[in-house]
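Labels A, B, C and D are assigned to the chains in the order they are written; within every chain, residues are numbered from 1.
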Amino acid sequence: MTYSAREMMAVVAAREIKDGDIVFCGTGISMLAAMAAKHISAPNSVIFFETGAIDAQLEEVPMAVGDPRVMLGAAVHGSLADAFAFMQNRTTGEHVVGILGAAQIDPYGNLNSTSLGDYNAPRVRFSGSGGACDVGSFVGRTILFMQQETRKFVPRLDYLTCPGFLDGGNGRERAGLPHGGPEVVITNMATFRFDADTRHMYLAGCYPGVTPDQVLERMGFAVPVDRARPVLPPDDRELGILRNKCDPQRLILGD
Amino acid sequence: MNPGSEKVISMREAVDRFVPDGAHLSIGGFTVNRNPMAAVYEIIRQKKTGLHLYAHSNGQGVDELIGGGCVARLEIAYAGSGRFAPTCVRFRKAVQSGRLQVEDYSNYQMTMRFAAGAMGVPFLPVRSGMGTDLVNRWGFTPEMRQSDERLPDLKLAALDNPFGNWADAPNVLLVPAIRPDVTIIHVQSADRAGTVRIEGLPFTDIEQAKAARRVIVTCEELVPTETLREHPEYNQLPFFCVDAVVHVPHGAFPTACYRHYDYDPAFLNQYREWALDEERHARYLQRYIKDTPDHQAFMALQDPAQLGRIKADPRTGYAVGLDRR
Amino acid sequence: MNPGSEKVISMREAVDRFVPDGAHLSIGGFTVNRNPMAAVYEIIRQKKTGLHLYAHSNGQGVDELIGGGCVARLEIAYAGSGRFAPTCVRFRKAVQSGRLQVEDYSNYQMTMRFAAGAMGVPFLPVRSGMGTDLVNRWGFTPEMRQSDERLPDLKLAALDNPFGNWADAPNVLLVPAIRPDVTIIHVQSADRAGTVRIEGLPFTDIEQAKAARRVIVTCEELVPTETLREHPEYNQLPFFCVDAVVHVPHGAFPTACYRHYDYDPAFLNQYREWALDEERHARYLQRYIKDTPDHQAFMALQDPAQLGRIKADPRTGYAVGLDRR
Amino acid sequence: MTYSAREMMAVVAAREIKDGDIVFCGTGISMLAAMAAKHISAPNSVIFFETGAIDAQLEEVPMAVGDPRVMLGAAVHGSLADAFAFMQNRTTGEHVVGILGAAQIDPYGNLNSTSLGDYNAPRVRFSGSGGACDVGSFVGRTILFMQQETRKFVPRLDYLTCPGFLDGGNGRERAGLPHGGPEVVITNMATFRFDADTRHMYLAGCYPGVTPDQVLERMGFAVPVDRARPVLPPDDRELGILRNKCDPQRLILGD
């Protein structure tokens, strides 16, 4: 079966979700990945929206985390204060994996979803942090979605909205942030992970037909490529679930 | 705050009395859900200006108030309507053209700021944001902060944990309480005295209401006090917190009101197109808001068939199978 | 914390597995309401000792655990059962004889301490207690605090408001988070995975549960997951916070469980008399707790007619006209 | 009609409650005073329990603030966190009047409900603060119930549980406490108020048949008596309401 880049990204992310994980979803493709994981590999994972809907039984894809579709069949409808406390709380927070996207990412997995140019007179303004800064601060693991574009992989962010490993090494610890940090970056061409010591990004996987050089051409900074391995394409079962169970209207997968 | 038992007034009177120009206004709801839109439109109709707006993660209410020319300053965690507008359109235009001053916080920071206001403490601690530009870069100038006594002097403050490394936290950020002049929320049910029942997710509506000096509650249904009091555990806000109750069906339209109606994808998509163009946006404002006397007249301009399509299914609380492209 | 879906075990196993000697234990309920009494009696049966107990404002659960010889240290806001025992009897005896170390906090301070634990912050600020002996006199010694890593080094800490006089607060007290090893609460309904629905006042049960590493939920009724999930807004604790679910009808007896049964005034009055005298208290412990294998056997010793009298009226949730003298 | 000292105290307290007040009640006679006020002089006052039951429609007298009787017909069942926040919050807190009792009171209206003797090895231990410290700290006005006994009116408390005016004058302000403080002390013989400048207690009223000297004999410190006025006894209507509507079982009024 042929598949789109979005479908590949959703399936690659779904594979990162472990059974029993509490999956923090944002809008868009991250919700789809979480829905897919529950069907594919992690039936006992919990879908968790920052809006306070815990373990929602999604029948339709939500268009926003405040969509009434996130409320159906949940275990609890908490407030926003409750929702984030589950991540800040170490006992539950340890089990949370957060899925985030952004306009820019830097070599240490920090994200910008606030603005481009001068913050006080921005060239382009985005929505702002939302829960991204909190999730990036609190939880044990994050999965980051990015488009593979030079303007998005930048050596220095215009605005640091969501902490990854800050300036690398034990930067999080020095700043006083809880343990954690980004685990993987998933793009439309490749996956990246972070060195255990330096916390610098490296190329971890290339999608079928993609070479490391093609990836590097679409980045504003260099990363080591020697640890790169091929990433398996989505199989028929994965694609079927994604298309038929998760997003039959192709609201997020697109045309 | 009003301990009385009869607070039902018209939307016009509520906005006129409790939302003066320059007010520090907080609105409830989240992205495409339970924004107090009828109140938002009335604020635009009454040409309120210079508002200092607090919102958590809106959405339609924030974007329309900005587009209506009512807002001078905004404190917010997320200005978007999900897939309908990943960044609010009029918000983006206003910031990029320098017409709107913004102070950015994270979702949880904003939540704790409303909670601090509700609790009556000057700040609450959070463990998010250390090392980020939410801490390092401030939107409001120190001069502006000092010139408005309704604003704290600092965006936020760092603190070493006085309890050593207790809870594995060497340090925290303190975020200051928000204390709005007035908060407006839209809910499913209220009684005439103002006791509130929200169904589904409450977002930060309750904290926003308790943090404010004055509270306007707009509701889909006005219900007898006895009905609400059969199950006090399902109510969230006691009447004495509330100053005005406005009965306004479809009061959250075009955003959703769980168990009553869904968001209107057609309106939201159409709005995005209008908002992107100055001329079309001006025509929208004129026709739908300025030329309508009230929310009922605004709703009369909507397609009745579409209003039927967004009606909530009793089992799910939203419109099952609604075309949302 | 356990993301699984099947957690129903016996009371014996729950206490055996999650309440070791010396545990930092927190129990829910308030004065004469929803104390997790079946669990309390099982802890006494299993002869647990050296417990560091946290409770908000109990009540029967605290007094029986102390009387049973299980408790070495206690942090609490109020140790009483209302009119039945304005000061808990065995608590008073234990403190006056030097057998129990106590750290005193106010009601709101204790609430915020559990809330801080639930939220994952090291402390929360309060504006109560400045100038009082709650600040000036400490019950636990600095040495004891330093020797137990499950305790913060300080009872509380003062802080000048970093935001000047924002919110009219020149200064605040910071109270440290409570982080129990295990919390036990008794609720009306839970499913087999541990999702909890409390009816009526929740007290600080939910904060206490979220603050703990391990959570035991005892419930009057074990209900299907689907039933609870028809109305997620009426549930308070999601299943993944819970480690064990114990189905134990009358699990709060002799304290009340709203909409199920009232407190038993006859038992509470009788208990007070027993508790006041060493010999009678020893006989009570032997007969009612040590000689009974479980809560069912304990309940079998109660007068069935009295159990009928304390049955809750469906309208009020308590036993109307019950003789409570 | 004859009446008991408890009945007199409850009625005197009820008269202090203004229409529209939010009345924080503890257990015992304070609940009775709040119930009576609603029937007698302040129909729109709100009965408020620290346990989170707001505007309960009491049909039977509760035996504790955690009694299920406080839940009936309330506007909201909040958590304890919610309940106290209404008092700490200035907008709502200003409207709250708190009714408190204690084991000891000092000349500045500070209360002890914790222990007698050395705190770390007490001669007598009581329940502890409960909400008393919080209410005394937060709210605009408090009404204090005491028995008129020398061992209870002491020049110096064994333990200061609940702040009144601390060391007098602007002591509260110096400590950083919110505005407020005790308004009146109601005993079985008399009422006391606090000087607007010094914040020292003075005798404000004597019950029928009681002289200032009799009151002073039952106190461990001296107070000015020149402002003392007679206090009217409960009338038949007040007594009828108290006995028939508030406590027909005489659970709190006693025999």
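By definition in this document, a residue touches a chain if its C-beta (ideal position, glycine included) is under 8 Å from a C-beta of that chain, and two chains touch if they have at least 3 such contacts.
As the structure is a computational prediction, the values presented were derived from the model and not from experiment.
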Query: Given the two chain pairs A-C and C-D, which is bridged by the higher number of C-beta pairs in contact?
result: C-D
Chain A-chain C separation of Cα centroids, rounded to whole Å: 40
Message: With centres defined as the mean C-alpha position, give me the chain A-chain B separation in Å.
response: 27
Centroid spacing, where centroids are CA-atom means, of chain A and chain D in whole angstrom: 56
- request: Quick one: which residues in chain D touch 2 or more of the other chains?
  value: 53, 71, 77, 81, 88, 90, 138
Query: For chain C, which residues are shared contacts with two or more other chains?
result: 120-121, 126-127, 167, 169, 172, 200-201, 233
Task: Counting only chain pairs that touch, give me the topology of the graph as line, ring, star, complete or other.
output: other
- line: Which chains touch? The pairs are A-B, A-C, B-C, B-D, C-D
Chain D-facing residues of chain C, complex: 29-33, 56-57, 59, 76-84, 86-88, 91-92, 95-96, 98, 102, 104-109, 111-112, 115, 126-134, 136-137, 139, 167-172, 200-204, 206-207, 256, 258, 262-263, 265, 312, 316-318, 320-321, 324-325
Field: Touching residues on chain A, where the partner in the complex is chain B
entry: 27-28, 50-53, 59-60, 62-72, 77-81, 84, 88, 90, 110, 114-115, 119-134, 136-138, 159-163, 166, 171-172, 175-178, 249, 251-252
Statement: Within their complex, chain C touches chain A through residues 1, 3-5, 118-121, 195, 210, 212-213, 228-229, 232-233, 235-241
Touching residues on chain B, where the partner in the complex is chain C: 116-117, 120-127, 152-154, 157, 159, 161-164, 166-167, 169, 172, 174, 176-177, 179, 198-202, 233-234
Query: Across the complex, what residues on chain A touch chain C?
result: 20-22, 44-46, 53-55, 57, 71, 73-78, 81, 85-95, 138
